[in-house]
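In what follows, structures are represented as structure tokens.
Look for chain A in each of the two complexes below; its partner is chain B in the first and chain C in the second.
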Partner chain A sequence: MAFCGLFWAGQATADPLKVAFVYISPIGDAGWTYQHELGRKAIEREFGDKIETKYIENVAEGPDSERVIRKLASSGYDLIFGTSFGYMNPMLKVAKRFPKVVFEHATGYKTAKNMGNFSPRFYQGRYLSGVAAASKSKKNVIGYLAAFPIPEVIRGINAFTLGAQSINPKIKVKVVWTNSWFDPGKEAEAASSLIAQGADVVTHHTDSVAAVKTANDKGVYAIGYHSNMFKHGEKAQIGAVIHKWDKFYAKKIRQVLDGTWKSSSAWEGINEGMVDFVVTSNLDEKIASKIKDLRSDIVSGNFHPFTGPIHNQKGSKVIGAGEQLDDKDLLSMDYFVKGVEGKVGK
Partner chain B sequence: MELFIVILYATIQACIPLLLAGLGELVCEKSGVLNLGIEGMMLMGAVTAFVVAVESDSLFLGFVMAIFAGTLMSACFAFLTLVLRANQVASGLALSIFGVGLSAFIGLEYVGKPLQGLENFFISYLSEIPLIGRVLFQHDIIVYLSFGLFFAVHRFLYHSRLGLVVRATGENHDAAHMMGYSVIKIRVLAVLFGGMMAGLAGAYLTLVYTPLWSENMTAGRGWIALALVVFAAWRPFRLLVGALLFGFVSITQLFLQSNQGFLSAVPTELFTSLPYLTTIVVLVVISVAQRRKNLSVPSNLGQVFEPR
Partner chain C sequence: MFLSYRIEKKSYTPTFWDNILLPGCALLAMLVISGIMLVLLGYPVFEVLFTFFISPLTNLYDFSEVVMKASILVVIALGLAVGFRANVWNIGAEGQFVMGGIAGSLVALYFYEQEGFYILPLMMLSGAIGGALWAMIPAFLKNRFNTNEILTSLMLVYIAEQLLNYLTYGPLKDPDGLNFPQTVYFSESAIYPYLLEGTRLSITPVITLLLVPLVYLLITKSHLGFQLRVSGYSAAAAKYAGFSAKKMVWISFILCGAFAGFAGISEVSANISQLIPDISPGYGFTAIIVAFLGRLHPVGIIFAGFFMALIYIGAESAQISLGLPVSIGNVFQGLVLFCLLASEFMLRYQIKRR
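This part shows the complex of A and B:
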């Protein structure tokens, strides 16, 4: 009887679409998860009572995440976003058990009939930030602290270097691996070591604000990552490479609402509004307008950050003038371009 | 040369949390108690320091409350293992896991909040000495305090009557008991001291080293401190050397990475694992019974004391 009652209640009212988000870390006030939370809030405003959202933060990758995702799927959520690489396999497992629920997974490479994935073209923002960084460097040395030598990170370093060298070919980018996504102590040490080695601009591909903060304390410039980290380095931050999720989330929700959703692999950049570079300091007018032009050229497709000639670290040619790297090359990138000092940790 | 000074300077700062937590654990283990909960106590110290400093705007109060939080955590441990006579290894591990979770919970609202960290304090005259002044006398006040604590602990253990009693308790608790010393009381005090030091070490991370809070911010430094005590074969001076060595290795590898010298051919992961490798070697050596004496392992380390 009770079951029947519930069933009828469900049929009678127009059910809002139930959307859930699974976050890897606490939301905080800057960083990867924070950006996703901004996206969730934006779609809540946009869709109003047509959707109902929920988030679960601080979910560890592995068995924990499988339990959480399964719970969400079995308690009536229609669309579930998983925002960390390590949720891929757990999500896939749950997706097979719940064929009617739609799953979207960030930064992975596996899909299923009811599970799509999405990833940002960070390298576009990185290229622009490289241009800005090079314009502020007097010693021609820029420090880059990075977590792990995976293609996504290497791609960012290369794009940054190419951007920097486009306005100053003498720029060297020194890379230090922290071997951890998140260790503020080590990130601060690494940033200090780069500054001591002459870097007067520092950027990072790690999760904490420690690099920007350290740069601020030591009186050099910094490029933030994930979020605008201005309040952690008011003197230091030139700009930040950020990611935004509202447009992508809205698109997927619309597709699910009108029944047109299909599993896909989305790799979106500045054009689609998933990535951007925000300038937060006073740049030279010429540089500022160059960045603006480059940005609109990237959006219109007239410019690709990985346009030749590109040489690798040892100086041998990767592609010639005018050629471009395609997505397949980018996704498997495992070498540094000329001008990067450091090793791809192999 | 300039680079070398910078490396040495950074080494000293990197070794401070390890030295502080290690000294606390050393005294604790000298009295015969093995407390594996350093990581948890450090995290509680770290989060308490940060929350208090942000809310009260006073770094000093942050340090004080961090020490208090560390002590409170170790008091739980002392109650379990010394009064209720629970297993020390299991209780210590539980304390670590508890600290990780509780600190994350307490700090949830404070992740990523900005805080102005402790300023450096240049010791006048001394800081102007070329080279040595730059490396030794241009730090924050906690660095000087840590070295003061190091000498104090060394003096306490080897040049004071009470220190002798502490060591005796760790070597042979039955004998100490026969002599009329209260084994439990001495051990409780030693454990509390360990908690204080771990709390201070945690506060150093969130108030000085990287003035911000984020979950699991110690990133394993508590375990390294524990390993260092073994590495040091329970001697304060070697502990200092070990902490400096570890700081040096972890800083130097960052400098080596982006340089093209011959050492840059060594994978960075190897440097990172060095202290753990050394600890394993030391553990193997001391597990050979004859060597135990030479290495001065407290004979009753980790054993439950039951007065007869």
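This part shows the complex of A and C:
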């Protein structure tokens, strides 16, 4: 490691550090990839001519991503960020071939000597958004459209439900799977059907703004995700769970520049500035200030969203009062908590 | 004004030279149109075209990637061409590809953490059988109920994709994969070995090149090929000659399904090495363009597959080195199809003044 450190330090003084970002979808004007792009622009401003950045958008997961990542590594990029789960194994293969290049992979679980990973603890934001949503629901039904039943999505749904139930135990969260990260047509349709089934607040764990737009058109409330989607639903959006990558990217670039980078698994939340929940004027003052207090409790470590008692859908106890789920439980979560309507799976 | 023209069918049989000139002209037209488009968008035309069509051929890695992508497209297109020549319209190669990937992977998972030279051949065989069985569904429906095979084969694509989703999210999920939708990573014996250090070149292109002469012999020299061709030209003539139309449907679908299935397991084993919910960027559909660009001829299909793969890799190179939007590659692919259909139309029809 010491040797590698020397190598990077030596390189940094000679040329700008070349940093590349691989995006799963087109950048657009809101959503997962858009947030990463904001992060890239921020570090470009911060580091100026010390770095040179590049992004490649719309790169499919699987074999095609391996080629793109490899091309970047072989054409002199020193630090490569891959921002989608499916880049994990391809990136690992490339990392083995290019031991001098640093790789950072988002939302996966495998690491190597020269490949770290990072992921947002967005369930913290999800819990807060659940509180906000429950305060606006009169019918006690909230709609949640979700892409795929993988742990991070399930974790978000559960955190949201626990947050909602913390101020209204009668809340039901209806889940609809869209089986796609980005499909505005399908997302709009799913949002409409949830609203038709009585949901008066909707939220989504997909990449487009369709759910917020649909809620706005149909006169119900919505929670934005990834980006603040206020301009897509000025009447509907009461708040948004957002991702911010600038601080993390800056930290990793600084580490590579001064030779202290080491492979690690970063799981960062509101505290580190990777996640946040922003509220809009559509939310009542009183709830907004309650959320502000909760937020500072999460930051200070006084409160954990997954604090017991937690029951699963069938009603059996997961953990008792006062206990907390640890990171390992959270990372492999494959069940819904009580109050969620829908099935893990299809 | 406009109405005083009409379109008339010409009597025309394509000659050998037509088969070379027609795709050639279509590609030339496509290059000219893309050139104009690039000028209008303000890109340096020659640099872009060079990056797209020449630079991937100048280094070994990119070249091997083009060959790998092309071989997958060519295998599928070979199978499709046999059916298309017999007027059997299998649009569902994508689904047969997916089923081949699943069936072959089942073998890989069955022999997980075992060694053996027989594992890979078994996977290939299983992949081909999986694709063929899936293709037999539309063949059966057509022969038994006279359903339209275009619709049924296409709809089965989505069913195959859902099945793959179900398996990767459910029964085949890696128990240590933190509930992510993927199977275990195949063990060494179930992954196509790399033939060339520093590239991802595997045995797929070799097998593809062996299949080309076989398909050529089948469609031009064999009695079966003759029957397929006659059925393609005229169903009535085929019936009169005593050829069974149903048999032609069966053979077309089974052959194409087996080829697509083999392509499926080849892609999964060599390049992904595990099952994930999305194993194809639409190879089965792109292969339809490849089959027609190659004029349904095995040798033509090789060139066509190579060209389509080149566009794909070129689009990536152009994005990495010139910052071109990746959708330009899609536009180029679309233009190829458009120009091809337009030139085909010009050959077969003429515009006359009333």
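Here is the rule we go by: the second predicted complex is superposed on the first by the 331 of 346 C-alpha atoms of A that agree within 3 Å, B and C clash if a C-alpha of one lies under 4 Å from a C-alpha of the other, contacts with A are read in each partner's own complex, and residues count from 1 in each chain.
Heads up, the rule we're going with is that a contact is a pair of C-beta atoms (placed from the backbone, for glycine too) under 8 Å apart; a residue touches a chain by one contact, two chains touch by 3 or more.
Keep in mind that this is a model prediction, so the values were computed, not measured.
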### Query
Superposed on chain A, are chain B and chain C clashing or fitting side by side?
clash
### Message
Quick check on the superposed pair: does A:Ala30 touch chain B, chain C, both, or neither? Answer first, second, both or neither.
### Response
first
### Query
Once the shared chain is lined up, is A:Pro149 touching chain B (first), chain C (second), both, or neither of them?
second
### Message
Taking the superposition on A as described, I'd like to know which of chain B and chain C A:Phe277 touches: first, second, both or neither.
### Response
neither
### Task
Quick one: classify A:Pro184 as touching chain B (first), chain C (second), both or neither.
first
### Query
Which holds for A:Asn58: it touches chain B only (first), chain C only (second), both, or neither?
both
### Task
Have a look at where A:Ala196 lands relative to chain B and chain C in the superposition and call it first, second, both or neither.
first
### Query
What is the contact status of A:Asn89 with respect to chain B (first) and chain C (second): first, second, both, or neither?
second
### Query
Hey, which part of chain C ends up inside chain B in the overlay, 149-157, 185-193, 221-229 or 311-319?
149-157
### Query
Which positions of chain A sit in both the chain B and the chain C interface?
26, 58, 179, 345
## Note on the structure
Per the touch rule, the chain A residues reaching chain B in their complex are 25-31, 34, 58, 174-177, 179-180, 182-190, 192-194, 196-197, 208-210, 213-214, 231-232, 341-343, 345
### Query
Taking the complex as given, what residues does chain A use to touch chain C?
26, 54, 56-64, 66-68, 70-72, 74-75, 85-86, 89, 109, 148-151, 154, 179, 331-334, 345-346
### Message
List the residues on chain B that touch chain A in their complex, please.
### Response
3, 6-7, 10, 14, 104, 108, 111-114, 205, 209-212, 214-217, 219, 221, 250-251, 254-255, 257-260, 264, 267-269, 272
## Note on the structure
In their shared complex, chain A is touched by residues of chain C numbered 61, 65, 165-166, 169-170, 178-181, 185, 200, 267, 271-274, 276-279, 281, 313, 316-317, 319-321, 323, 325-327
